[in-house]
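The two complexes that follow have chain A in common; it is paired with chain B in the first and with chain C in the second.
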Partner chain A sequence: MAWWNKPKRGAETPKPFAFQRKGQPVQRHRVKVRHQQGYRVPERAEVYGKGVQLRAMVVVFALCLLMGSMAVQLAYVAVMPATEPRVSIREMPKEALRRGDIYDRNGVLLATTLKTYSLYADPKRVLDANEIARAVPKVLPDVKAQRIRRLLADPSRRFVWLKRRLTPAEAQQVHTLGLPGLGFREEFVRVYPQQKVASHVLGAVDVDSNGLAGVERKFNDSLRKGEDLQLAIDVRAQDILASSVKEVLDKSEAKSGWGVVMDARTGEIVAMVSLPDYDPNHFGNYPDEARFNRAVLASYEMGSTFKIFTLAQGLAAGHITPATQIDCREPIHIGRYTIKDYHAKGKVLTATEIIRYSSNIGASKIADMGGPEEQQDFMRKLGMLQPLDIGVAEVGPVRYPDNWGRIQTFTISFGHGMMVTPMHLVAAVAALTTDGYYRVPSVVKGGSGQPSHKVVDMRTVRDVRDLMRDVVTSGSGRNAQVAGYDVGGKTGTAEKATAHGYSGTKNVVSFVAAVPMEQPKYVTLVMLDEPKRGYHTGGLAAAPAVGQFIQRMGMLAGLQPDMGKVAAERLALERKAGVRHTTAAKPHAVAMQDRAQPQPRGEVHEAFRAAGIVD
Partner chain B sequence: MKSTLTVLAVVLSIASFAGMLRLKTDVESLAGKRARLVAEHSRLREEKQVLEAELAHLAQPATLHRFAAKRGYVPLATTMLVPMNPEAGGGDGMVE
Partner chain C sequence: MSLFRQSRHPLVRWWWEMDRVAVLLIVVILIAGAVAGSTASVAVAKKYAVGPYYFALRHWIFLGMAAAVMAAMTVLRPTGIKRVGLLIFVLAYVGTLLTFVVGVEVKGARRWIEIAGQSVQPTEFMKNGLIIVTAWLLSAHDRIGRFRGYVASIVLMGAVALPVLLQPNFGMVLAMGCVWFAQVFMAGLPLLWLAPLVAAGMLVVVGAYTMLPHVRDRLERFVNPEGSDTYQVDQAYEAITSGHLWGRGAGEGVVKHTLPDAHTDFVFAVIVEEFGIVVGILLMLVFATLVVRGFSRLLKQDDVFSLLAGGGFLTLICLHVVVNVGVALHVLPTTGMTLPFMSYGGSSILAMAMTMGFVLALLRKRRSF
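Let's turn to the complex of A and B:
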């Protein structure tokens, strides 16, 4: 018998429930009826018998399960290491959309993205379109009332832009109006703090931050992911090159001018200028002519600068040495063409003199020694037969004859009959003056990453250096001389091709230089399109611009000038001007120790003492 | 035994509830703090971007040229260089 059915001690045994089966609980609704029938009133425990106990156990079990799981969860939180909080979708998406920044080689900011506010309207929520049309133009004068009315006329539209990229002050003014139906949306705007500096390298983006030109377009995908980009460009070199080209562009009244500076040892493009240029902050406001990057997109017949390649080819193949004599007395008649010299010497010239006097006859004869196939192969090694991708979106074409015969070999030897971009020329000259290896140029810091390949041996490189140095000391490139630096180079003057043959009055002039010639670090090219008379050759127009660039950039680039030569040049200039300085009245100058040239110090000191510059 | 288990279950439940409540409070507090820090970080980053852009704009070569020209400075040419104390080997370059 269950404990609750045991009779009380000393009490009369009550009448048990007739219907109660052993081990079963009493059902509540039957208790009252049975009590009236004389049955004993069951105790509470008897009423809520085993069935109740079972339910209670189920509830306790469920509670224990719940608490146990909570305890496990607590233990998990307490014991397991903390994980990085996931970024809320509301917090970071705009930051993730921020376009990556662009820096120059020294970490100077060239392009960045700033947050801005754009004004939109929800025509359905607008209460009074006329009020908006009246009030908004007062704070945003370039938003016309008529346009606002037109945009707000269709209430079925839920979103129309009124003006994008407001300044913070403009946004505050519009906000102060308190007009229902207007709203702001945060956007990012691309900013180029250096303005026109390196504009053709950087390119620009559209209103939706898609690259339109330059590295902005070339590296659009990675920049859109927020990845920063570091260029090989040096803003100082860029500015100096731009101002040097601009100066000669203004003087010569040329239609356009452009220039490239390449680190000869790495292939990095340190500066690239194409004038006229544009401000990438207002890309849409400039004509196509300003947006056109002549340094990489346009191809030209380069003229006499190609003679460097002709001589290098002859030297590398062993056809000539710098002292080899070539008969340049008579013009060459081939087919219906006559090849003659611009500055005819009418005599036998050495290979060095052919470069110095820029002899077309001599170059043609040297090229003829190797023939078309050898020339074509050499040009291929110099990368002249294929377009050049330097890391900007613009890739210019190359044009060369399909039928590369003897006549073509002659004309190409002095830079006609083949068109390449200025960048091709710079890269090829770098290969021939540095170590004989061709490197693909790149505007990205660290270079293109493509393997270099050998073009010529070091003996040829040394000979080419000597030839180019001779052009500047004794030939057509004298205007590029800079006191203290061994500049070597080659001038180029190419008549422009017209519908009726070559123009006798319109030239594309150029000067390509390497400095210092002993071990070139930079190769610089400046070109001008149609300079006026008096500036119509590479030596007259482009060479001074290169010289000026080297003059201003040399020390910034860490090129130590030869102080012995500087002192001599200075002395010559002062004697020419009839100037005598005392110690107390020396001109403004930066004084520096000449550690690279310890030997000439005494001579320099003597020279200055003689000139009365120092005691 | 059963009552002991019941008491234990109740105590455990209360403790768990209190622990969870405390944990939730702490998490919410930290989440709020984190949200404020994220907002602050975002604001500071934006200010930094603006300041960097302004610095780059102010330090652009054309601006420096104008400042230099106002003060009478001209671009340095190699012919302006004068070797100081040519007999001695030491010392850095000095400016007159």
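Let's turn to the complex of A and C:
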């Protein structure tokens, strides 16, 4: 026997290792028995002690019970119907209902269904396979005779497709051949006349007209029943948003860009764009990259745009007013983290200045006044802790810390340590700038139908509006300024989290804006993934796109921008920049401003309404 | 060398002394593991962009190593098993203590240490050592007075539980505690002791619930799934229901692309989705047969140590299967228990290979000790 298996010499009675009392007689062991008394196999009880066998049986029984209960649970699942029943072709109804159409909010056709005829053969009823193989290819050149012979060779099959989606003329030609065993099924083909516009909202269908993505999948059941669907989407807004994002996407060489426009008062999504996009008529030809709807699926740490929520929380809870002074001179050290400002001012800032200069230290200190519970509560009210279903099949995940402590409160106050989708951000900003009520966004006309709930009061809403307006007039969002419109917003620049911590060079930049700021009608968000240097912040890349959108949207609505304000704003800007003016410029500007006075502020949305963009 | 039973060649003798039914069952499990590991890990490999078979290849290499480890283990006699077990226990215990000094922190827990560029989880191996040492102590108790054998093993269990709880790895403590309890029970634990032991176990559970936030969080999610993030579990359950009786077909599963832990904790969901519930139940049947077969052979061995050690190992295997399947079926809260040889992971596969190897060694027919 090898050394490692051999008992110690003289230890045929194995010495129990540290517990033997001196002088106590050692109970006889089986080996000893064998050596001393010849080959007597001892009784089992002698070896095991009382009841060991019975106890072992109990353990086996318990283990089997555990295994068995799991197997029963598994079998129970088997008894229930499969979640995706696989329908065989034979069970398909001969006359399928025509799938419902999809319209935009103004009745523009976005998706419709055309009737076609699909040719099949029943091999059992075919009299002469050779005749079919000769005649059919003459009418339908791309159906080869060889293939027909192969398909018809097996008479046990009752159904084979020969060619799908024939035009009515082709179908007529086949019909006049008068060959037994051939038949037609009416099939529908889905057509998207607007092509790439609204691709991610619509989604696509498969060859059997089942929705694969977007509203096509979400509302698959009702569309299959033939019911039409009207969306909140406006194709024109959709087109303008896409071109605005596209422009900045090309300039910044970002990997992708996406944007959302929401009607702040109803929760309707007026436009939703994710670039690169696809043509739903040819869904299969596009890579996953293009099919991915970033507006609802891309969860990111949003960065500084979250400071709106931090400030709003502080204002609503009464911890601060816009004029409250907060010491932002020193970085905060907490645990092994240090919270710094990127554009450190090194002084005591008011709450307004904190959001204007996007101070992480200031935001952290405001969040700390309420503590983790209050913040979590506020985020829950803003819908940030739950996935958001906006009426498309895709629902993006949210991530928030399991242990929401002080450190997490700090990082979340400036948009890190918590991941939400762009849609979450837009819905929350809309709630804080419109009337303080949170509405679940929806791509369906008329909104989600879910009740709104109150988040903050009107006093806080007015303060938040002022803060966001201030960011655009004198803070990081200046690039979103559009002459003649009151735009308010907030920039965000978040470093992307990678496997090795935060990347210093790869950013996700964003700009969220509301317009007009006195009484917001639209909340607009544009985001870009990894824009190159020179476009690497929300202010540099995303804000111009939002500005671009607002300007073009106004033009589309036939809106005359407030020229007096245009001149006055330009004057103010130039004065700030230190540009010297000729003496003639000033009276001219003042005159323009005077003329502008009687024009109501609500002109922007009036024009939108006149153009039929909103109800 | 003749293959007849009468042959005296050591290799032939080794083969005929083995429990060949158990060997067959383990080979079946190995093959199933190779299939499951390949199909489940493709999605993860895609995520890390390392070529589709990066993890599958590693899984196969680990399974090959597992087979070698098992074969090597079978040459051990009980004396050798005790010695190797004690060695493993001491090394793994030291390794566990080392995690506090040089440990690698992953997802908030310090469970791994780096050995030659590989991260190793010492507690996985400690389970094997603990089972053997406990069986040794308990089987020796009738020679050292009943009282002391138990006390020694209780003290040992406590000494093991403490550092593992501090890692924190609550699931592992629970597993080791269950196996230990089964062993102590089989060794003839007086029924009067049952109450204080159960009370102590409850104390550990309640303590963990109040002290360890991730335990509390998981339990609360399990008990009250509304409003919390049960994404993984929901996905796994959906996979099982969509697989239904006969599965979607090999490689046709979709859940593995959306589940981050598809190749480890939720591998059973992947198997059922692709191969169906029937195969899932058959797989459980294989494990159950191994357990029952093992116990029935151990009872014939006439050796207390073999019964306690082997029983402990079989309980451990059974626990792994039950817990892993239970988590996928959403009847148990999420823990990190692997499905033997199916879940990806070097430490767990090699530790499980040792477990199975010890079982095979203990199941060998023998004429001498």
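Rule of thumb we're sticking to: the second predicted complex is superposed on the first by the 394 of 615 C-alpha atoms of A that agree within 3 Å, B and C clash if a C-alpha of one lies under 4 Å from a C-alpha of the other, contacts with A are read in each partner's own complex, and residues count from 1 in each chain.
In the analysis below, a contact is a pair of C-beta atoms (placed from the backbone, for glycine too) under 8 Å apart; a residue touches a chain by one contact, two chains touch by 3 or more.
It should be emphasised that the depicted structure is a prediction, and the values quoted were computed from it without experimental measurement.
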Could you tell me if A:Gln386 is touching chain B, chain C, both of them or neither one (first, second, both, neither)?
second
Report for A:Ala71: first if it touches chain B alone, second if chain C alone, otherwise both or neither.
both
Tell me the contact category for A:Val108 with respect to chain B and chain C: first, second, both or neither.
first
Between chain B (first) and chain C (second), which, if any, makes contact with A:Pro193: first, second, both or neither?
first
Does chain B (first) or chain C (second) touch A:Ala483, or do both, or does neither?
first
Just checking: does A:Thr491 make contact with chain B only, chain C only, both, or neither of them? Give me first, second, both or neither.
neither
Touch check for A:Arg552: first (chain B), second (chain C), both, or neither?
first
For A:Asn403, is the partner it touches chain B (first), chain C (second), both, or none of the two (neither)?
second
Report for A:Leu63: first if it touches chain B alone, second if chain C alone, otherwise both or neither.
both
Based on the A-chain superposition described above, do chain B and chain C contact any of the same residues on chain A, and if so which?
60, 63-64, 66-67, 70-71, 74, 77
So, in the complex, the side of chain A touching chain C is made of residues 1-2, 4-7, 14, 16-17, 19-21, 24, 26-27, 29-31, 41-42, 44, 47-53, 55-56, 58-60, 63-64, 66-68, 70-71, 73-75, 77-78, 80, 82-84, 385-386, 397-399, 402-403
Can you tell me which positions in chain B touch chain A when the two form their complex?
6, 9, 12-13, 16-17, 19-20, 23, 34-35, 38, 42, 45-46, 49-50, 52-57, 59-62, 65, 75-87, 89, 91-96
In the complex, go through chain C and note every residue touching chain A.
75-77, 79-80, 83-84, 136, 140-145, 148-149, 152, 182, 185-188, 213-214, 217, 227, 229, 231, 238, 240-242, 244-245, 272, 277-278, 280-281, 284-285, 287-288, 291-292, 295, 298-299, 302-304, 307, 311, 314-315, 318, 321-322, 325-326, 329, 331, 368-369
Note: in the complex, chain A contacts chain B through residues 60, 63-64, 66-67, 70-71, 74, 77, 85, 91-92, 95, 108-110, 112-115, 191, 193-195, 197, 235-236, 238-240, 243, 482-485, 551-552, 554-555, 561, 563, 566-567, 569-570, 573, 586-595, 598, 601-602, 604-605, 608, 613
